[in-house]
Each structure stands twice: as C-alpha cells, then as structure tokens.
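Following this line, the structures themselves.
Both complexes below contain subunit A, partnered by subunit B and then by subunit C.
Right after this comes the complex of A and B.
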C-alpha cells in the first residue's frame, strides 16, 4: 500500500520535474561537469580522446604567469564597479521621473526600454559606427574636443565607450523594475510623510528607498552579474582592443579556448570565473538582503 | 485569420525547401548555362571529338564560392574532352568549409580532390594528400606558393592561385607630387613621403586592423631574415628573438614611417575605411594586397602600381606572396590517378589555363600561365610580375594565437602606449605564451 503510494509519487514527480531536469542536465549540468574535468587537461577542443590529464598545471599557469588574465580581471572589476553605479543611479532617477504623472510617460518608458530589446552584438556594431563615424563627423562640425577624441582607438576611450553602451542598454530594463517598485509603495505612507512636512527628496530618501530595497537588490544583482559576464558587447564594439586593453574576463576565456585553441586552459579560467561570479553574487545579495524592510 | 497564417506558413516552408533545392542544383555538375558553352573558349573541343564516356566520376570538394558556376562549366568541358565526369560540390562563403570537409570525410565519402590551406591547416590531411612533386607542372610552381604545402621535399597540393601584398600606390597622385622615380629604398620612400606632404597629399592610408598591421606587416621582417624558417624555429625555442634582431631594427623604421605619415584618425580606421580612403584619392599609398582591387573598382578607376616594401637602403626589397588555398589529391579516394590527370589538364591545357585567369580571375601560381592586367586587374598583374622573387607568407608557421598576440601588440604600439623595445618584447612573449 505505502509502496504503491510511493511509486505513484515517484511517477508524478518524474512526469512533472523530469523533462525540465533532463533539459537542465543536458544543457547546464553535464557541460559544467565536463568543463570541470577538461580544466585539468591539455586539450585543443577537437578530438575528445586527445585530452591529456595534466592535473593542476593549468591553474598553476594561470596563477604564476598569465598577465593578460589578471589584466582582464582588473578591467572587468573596474568596469563592473563603474557601470553598476551609473546604471543604477540613472535607472533610479528615470524610474522616479517616469512614475510621476507625465503626459509622455508611456512613450518615454518605451523609448528608454527599447535598447534592451536589441541584442548586444548588434548594439555593439551600431555604436561602433556611431563612435567612429558619427562622433567624428560631429567633431568636425562643432570642434568640441569630446567628439574629436579617437573614440575606441585608445584604452581610455575604449573603456568609456563600453561603459556608455552598457549603461544605455541596461538602464532601461532596471528602470522598469524600479518603476514597478516605486508604484507599489503604499500611497498612505508618502502622504503621511508629506503631511508631516517632509520635502520631496526627504520622502524619496526616507520612505521610497527603504521600501523599494527588494528592487534595489534585484537590480544590483542583475547589473553586477551582467557587467561581470559582459561578452557580446566586448566582442562587437572593441574586440578587446586596442591591444588587449579592453579585454573582459569572458572575452579572455573565449580567446584562450577558441582563438588560441587551448580548450583545457580556457575551461580552467572559466572555472575561476564561475567561482568569482558566485562569490560576488552571494556576498552582494546577502549584504542588500539585510537592508530590506517591510511596510 | 487562422487559415491565412497557415497559408503563409506553408508558403514559407515551400520557399525554404525550394531554396535548398536550388542550392543542390548549383552544386551538381550540370549547371544550366554550361550546356550552351558559347562563351567558353572551346578551341580544343573540335580537336578531340567527344571521347568515350568512361564510367569514372571524380568529386571535387570546392571551397571557393566565387568560382562555383565557372568551375561547373569547366567540368563540362573536361567531360566532353575526356569522358570523365567531374562533380563539384561547393561549400564556402558563409559556411564552415573545414568543418564540412571533416564531416564529409568522417561520413566515409572521400572526395578525389579537396581544398585546404597550407602549413598547420594541412597537417590533419598529411596521410591523404598525394605527393604531386612528380607532376609535369610541379616544377613551374612559384616557390613562395609551394612552400606551405611542401613537406619533406614533397609537394602535397597544387596551389589554386596566389595573392600578394606590398605598397600599393596611386600613380596620378605620385605624378601630382612630382615623384618621377619610384622609391626602391627606405630613404627614397622617405623622400617620396616628404614630396607628397609638401603637395598636401596624405602619404599613407593605414588601419588599426590587427591582421593588417599585425602579421602582414610583421611578416616583412620575417621574410627578410637570411633564413626565415630557421629564424622562426629559433624564436619558438627561444634561441632567437625579435628584440635585438638586426632586420627588425630596420623594420621598425618602415613601420614608424607609415604610422607617422598616415591619416589623422588611423586609430579608429577599419579595413573598409582604409581602402575607401585610398580609393577616393585621399591618400597616395596603402599597404595592402591585390584583394582590394574589387573594392577600389567599385569607387573609381585608379592608376595603380605596387611597390616592394623597403626596410633599408640596400635596394633589395620585395612584395610578399602566398597561396590562398591548395587543391589536394586524396589518396584514399577511388580515382586518385584521374584526379591528378584533371589537375594536370587544368594547369597545362589551353582551356584550363584560360579558365584559371580569364574566368576565375586567379593570379596564376604557375610561372607558365600568362596573365594580363585585363584578366586579373592591375594589382593582380603587378603581383604576377613580381611573383618570381617575392617573399613568402610565413605567419602560418606559428600556431594559432601567436599572430593575434602580435596584432594586439602592434595596436598598442600604434596608439603610442608602448615603445619599440616593449613591442619586440611583446612579440617574443606572444610566441612564448603559446609555444611553451
């Protein structure tokens, strides 16, 4: 009796969870475990049977002499810090502005959200054109020094070029999350604050922000992990150049595995990357979770 | 509404399928416009009236999409003359030719002839590539074109064509600046640059494209080593280095000349912009190869020539040629002898030669095949003319990843963030990173 019940339960579980689990295993779990194995081998990515077990050599190599990997890590950290700040600042301000009673509200929301619909590769190419041709033409007409810089041609402009496009692309999405949260703040609380004599900014700071902390958590988490994993934009906008000065960590891994044909070393880097992303994500969620309050 | 969308769906499906169908037709040997054959030079046809139809069919796995139609016509011609059927299957352009070739061979179908690049790319096919050194045409192959497929003295493939690069110059702008004698040494090139600048003309159109300023430019120094192959092998073991190498000490002067006297926004100029600057007459020289002819012709009819690249004042300067691709005879296929005969016919018969130059627009890799500027363009003719003592393309001797590292270093040097010594260090480091 109880055995039959148990089998029934099993069948039900596997019918409902099974398909998803199988897909997840094939697409995520198995490749991940394989990657874990390959990170200890020397392999060119072609014939599976030619992967040679070399133990910790890949990791030793990365930690002992792989300047480019560490340079790209430094670049990625800097990029993440800058973009997370700017994106969230901008998205929050946009969210505040577009949750007020404006006539063009819906139109503007669409406009700011639109860049997010275009894929990163395409955006990169569009902006590459804007930076190298558009900015140049504006510079020729106006003579403004900002537009006369060799955009994307120097490490500095390459970095800020990436930041601009990344912020432009992701601020719209974060804005939508902020709008949803701001609209969800109970009216009575802000009204009470106003009656008590609080100015607009005081209300924002003391009432709105504490109440939308869950949204802040989500947005910070999304922007951090997106910025840290940035790849498509990097590939199409600067190709990591000039030189390797704007090479993100993800791009460095890609180049190691698919350009240099060192799959083993590439997956070893990817494993380090995975650990880093998890660490950052966990700490950051844990930190902001503590700040969340309930109304 | 629902029916409407179903109809649309069905139409879409049919279109897609029809698209595939067409594709197959093109790939097959019988291309509809080939049977007419009026345009093709069929002088030999009457000499050998349709030979006995043999029951032999050779298959060619072709990678050059641009010649697919003409190649099919040629196959028709060959069948008329010899009775051997030639089937051409073309994969290239947007398709991943190398992967498809591997899949084809893995599936057990062994085409008689297939395309492959030389050096490292050819290695997986060493056991299939037939030694062609004994063929009648083998001694006429341009040396620089034979090198990538020459292993232990054996020629493992027939080079399809050659491509070459040097300093391409605009004859009219040179005349305008009063340059009467073509620069053969670095000092003369500097003089020419000064004259151009005095006439208000930008001397060079350059780019930040990693492959152009990277391995194309760096190869000049490699090819000018007393023994390029030895130097390359020594750099791999660490016995030789770029830093302190006398050829590269001269080479950097040429690089500085180009970078120092090119258009203002070179750091953001990609390949297409570089070529269009030159094509519109805004710069007088460009370090590129004959492959830019087509793009230039789209913009303007220019009077062009190709200068060898001078590194010093010795007067011994060269252009650099290499083969784009090879025809490999597959020894594991059914009719390797017939395949050899086909290549032989291609290289020696009048029909074959005419097709190579006039129809395929190839710069011939054999010295016995004449080519005129009308057939292959001014630049092609210039390359063809200087091919006999041109330097080779040596970057293929390094494993993947090295040239990418070089390209990155050159971009940094171009941007001024590293100096000469650091640049050479980075060249050495790029090799060490990959080879060690």
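Right after this comes the complex of A and C.
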C-alpha cells in the first residue's frame, strides 16, 4: 500500500514536473554549466566537437589586450546610464499626464505604447531610414542643422541615435507600469495634500513618488537590464559602426564568436557578461529594497 | 465662485497638458508616417523628397516584396513557431508550477529557486554552448528544435507567474473534487486549470510578443532552413541583399510590422493589463 502510494507520487512528480525540467535542463542549465568549461578552451565553432583546453589564455587575452571588449563595456555602461534616466523620466511624466482626466487619454496611451510591440530588429531598420533619408529631407525643408548631421555616420551621433530609438521603444512600456501605480495611489491622500495648500508638483514629490516606489523599482530594473543587454537594435541600426564605435557588449560577444569564429573566446566573454548582469541585478534589488523600507 | 474659477483654471491647465501630449504623440507616430508614405514611392522620388505624400502611388513595391521574401510562407512560419511554443509553455509551466506549490519538497523548492536565478542569465551567455548541445541532440534546423528552445528559455518566467497565482487558489475546491472521486490529473485539468485563466492570458501575451519578435535564437537554431524562416529573419536577409533599395525595403517593413500591430490594437486592453501584472510579479 505505502509502496504503491510512493510510486504514484513519483509518477505524478514526473508527469507534472518532468517535461518542463527536461526542457529547462537541456536548453538553459546544461549550456550554462558547459560555459564554465568552454571559457577555458580554444574552440572555433566550425568543428563543434573539437575544443582544446588552453587554461587561462582566454581570460588573459581579454584582460590584457582586448581593447574592443573594454570599449564596448564602456559604451554599454554609458548607454545604460543615459537611457535609464531618459526613459524613466519621460515615462514617469507621461504616466502623470495620462492618468489625469484627458479627453484623448486612451488614444494617447495606445500611441505611446505602440512602438513596443514591434521587435528591435524591425525598429532598427525603420529608424535607419529615418536617420539617413527622413532627417535629410527635414533638414532641407527647415534648414535646421540638427537634421543635417550624419546621424549614423559618427560615433557620437550613432550613440544618440541608438538612445533615441531605445527611448522611443521602451518609454511606453514603462509608462504603462507607472500609470497602474499612479492610479493606485489613494485619492484622499493627494486631496488632503492639496487642501493643506500643497502645489501639484509638491503633491507629486511628497505623496505620489514615495507611494509608487515599488513601480519605480520595477521600471529601473527592467530598463537597466534591457539597456545593458541591448543587441537587436544595435545589429539592425548601426551594426556597431562606424567601425566598432557603437558596439554594445552583447554585440561584441556575438561578433567574436559568429563573425570571427572564436567560440572559446566568445564564451569566456559571455561568462563575464553574465557576472556583470547578475551584479547589476543584485545591487539594484538590494538598493531599492532598502529604499522601500525607508519610505 | 472661487471654486468655479479654480475648476476653470484647472481645466485650462489640463488642456495645455493634453495639447503637449498630442504633439508628442504625433512625434511618436512620425516614423510610421515616413514608412507608409515612402513605401508607395519610386526610389528616385524617395531620394529627392522623403517627407511629402507620393506624387504617384506605386503599390507594385508591395507585390514585389511579397514575392521576394515569400511573405505568406514567412508569416505562417512565425505563426506556427509562436503558437506551438506558447501552447507548450502554458502546459508545461502551469503543471510544473502547480506541483511546486502543492508539493513543496526540497527538490521542488530548489528547482523553483533555480528558475528564479536563471532569469538573470543573458541569452548571449548560453547561446554558443546551446548551438553545441542542440547540434548533438539534432534539435537544430527543425521545428521541434526551435520549439523546445523556446520552452526551455520561457519556462522560468512562466512558472514564476503561474506559481504566484496558484498560491492564491484555495485547496478546499480540490479536496472536494478528490472526495467526489476525481483523479489527481483530473483535479488539475478540470478544476484548477480553468481557474488560471487570468494569469494564462498574461503568460500568453508576454511570450507571444517575445517569440514573435525574437531574432538571435532563430538565427542560431533555424539558420538557413528556408522552411522555417520567420519574419525577423526574412527581413534581415532581405536587407542584406537589397541594400539601399528603400522603395522595396519600406514596403517590406510596413508589411512585416502589420500583423503584430493589428494584434495589439485588437487585444490592447489585455496586453496592457498582462504586461502590468507580468512585470510587477515577474
């Protein structure tokens, strides 16, 4: 009886958890663990079965003389800092405006969210046209020098080109989260503040923002990790160029492995990338959790 | 009296806010305008003036690209891969999450922790080894392979979402069904699963948007298999072959973004709700 019960329990465990566990193991777990091994090998990818153990060579090479890798890290950090600030600033202001009684509120929400449902690859191609041809025409009509810049042709403008498209794509998503939080702030609290003579912005600063800190946590976390991992947009908008000046970290790893065919070196970089992403995730969760308690 | 003035001032302020928001919204829509307008122009006209309405509408651009990228096939592949993956994800992740909630053994708790931890692993950190593993298991270049990949990568978030929801499903309903002679599998499929509808909608939406738009995984797993080429792959390949042929490229882009935009406009309410609850819980 008890044996039968045990067997039944085991079968149920296998039926419910088994298929998911198998898919997760072969697609995520095993490749991830293999990464620790392949990081120490020379592996050209063309012959998938042949990886030669070379010890610390890959890591030495990355830390000692891979300027492009560090340049792409610097680029990614700068990109992340700038886009997190602009995206969240814009999304929060939009959230404030569109949670008020505007007549075209629903239409506006739809419009701001729209770019988000389209993938980074297609958005990048669309904006490639805007930057090269659309801006040129606007420049000719208006004579504004801003539109006559070679937007995707120099490192500086290429950076801002990526920032513009990234913000355009993600602001609506964050706006939706901010709206949900702002609408959830109890009306009597903000009304009490207004009766006490607080101005609109004072109410926002002293009542709304402290009460929506959980949403702020979520949005900061999402934008930081999305910006740090930016790849699709990079590929279709600038291809990392001109040269390698707008290469994100994710793109650098991709190019090392799939363009240069250095899979071993690419894996080593990818594992460093993983460490950085987890560090950011842990720091941010820790920082914002602390803030929530204080508020 | 003063109240009326205050209200009037307030509505004037709101009007200004609304006007600014509308201008900003038009700016947000401008890229779509550029794509649509230029997708029906001849290349020569685009080069001279990329902002005005076309002098002559050239719908031939669309029919040309339709054939070049084999749009109906590509659309079907995207649909097939997305539908199968999302369906599989619903089944596997709801079952896994249910078991983890109802039987919190050490194994299941550890597994759940692994799911959460795995969500910080960026795709680039596993993609090369994944190519190796999927080649060995013959999961590359075929439909089963790409679907299994999406199951593996999508499982963690979906399980976490279902887990959070199932915790709130009262055990009493299940106990009553067991007393009535329902098997453990019957309890799940007939009693619990129908109750999961709200979170299932969220899981469907988040995964559909991701899989439909995904690029790098299909490149690595589907590769050059023409029988599985998805929309992002087809567009990228097209751009590689027809550089600077903007007349055709823009028609292709307009065509390619249409399905997902239509889907969004139809299911907008669910999508926005799904994303809000998904990102707050996930």
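Rule of thumb we're sticking to: the second predicted complex is superposed on the first by the 276 of 295 C-alpha atoms of A that agree within 3 Å, B and C clash if a C-alpha of one lies under 4 Å from a C-alpha of the other, contacts with A are read in each partner's own complex, and residues count from 1 in each chain.
In the analysis below, a contact is a pair of C-beta atoms (placed from the backbone, for glycine too) under 8 Å apart; a residue touches a chain by one contact, two chains touch by 3 or more.
Because the structure is a prediction, the values reported are computed rather than measured.
Look at A:286: by the touch rule set out above, it reaches neither subunit B nor subunit C. By the document's definition of touching, both partners, subunit B and subunit C, reach A:136. Look at A:271: by the touch rule set out above, it reaches subunit C but stays clear of subunit B. Using the contact criterion defined above for the overlaid structures, shared-chain residue A:144 touches neither subunit B nor subunit C, since it reaches no partner. Looking at the shared chain after the overlay, A:245 reaches subunit B, while subunit C stays out of its contact range. When the two complexes are overlaid on their common chain A, residue A:27 makes contact with subunit C while staying clear of subunit B. Of the two partner chains, neither subunit B nor subunit C is touched by A:10.
Between subunit B and subunit C, it is C that contacts the larger number of residues in subunit A. Across the superposed pair, subunit B and subunit C both touch subunit A at residues 136. Residue ranges on subunit B touching subunit A, taken from their complex, read 208, 210, 265, 267-270, 273, 399-401, 404, 408-409, 411-412, 414-415, 417, 433-434. Those residues of subunit A whose C-beta lies close enough to touch subunit B in the complex are 68, 131-132, 136, 150-155, 239-245, 255, 259-262.
Against subunit C, the residues of subunit A that register as touching in their complex are 12-13, 15-17, 19-21, 23-32, 34-35, 38, 45, 48, 94, 97-98, 100-104, 107-115, 117-122, 125-127, 129-130, 133-134, 136-138, 141, 168, 172-173, 176-177, 180, 214-215, 218, 222, 229, 231-232, 235-236, 250, 253-254, 257, 263, 266-267, 270-271, 273-274, 277-278, 281.
Of all residues in subunit C, only 14, 17-18, 20-22, 24-25, 28-31, 34-35, 38, 46-47, 49-51, 91-93, 95-96, 98-100, 103, 108, 111, 114-115, 118, 120-133, 135-137, 148-149, 151-153, 155-156, 159, 184-185, 188, 209, 212-216, 231-232, 235-236, 239, 246, 249-250, 253, 256-257, 260-261, 263-265, 268, 271-272, 275-276, 279-280 touch subunit A in the complex they form.
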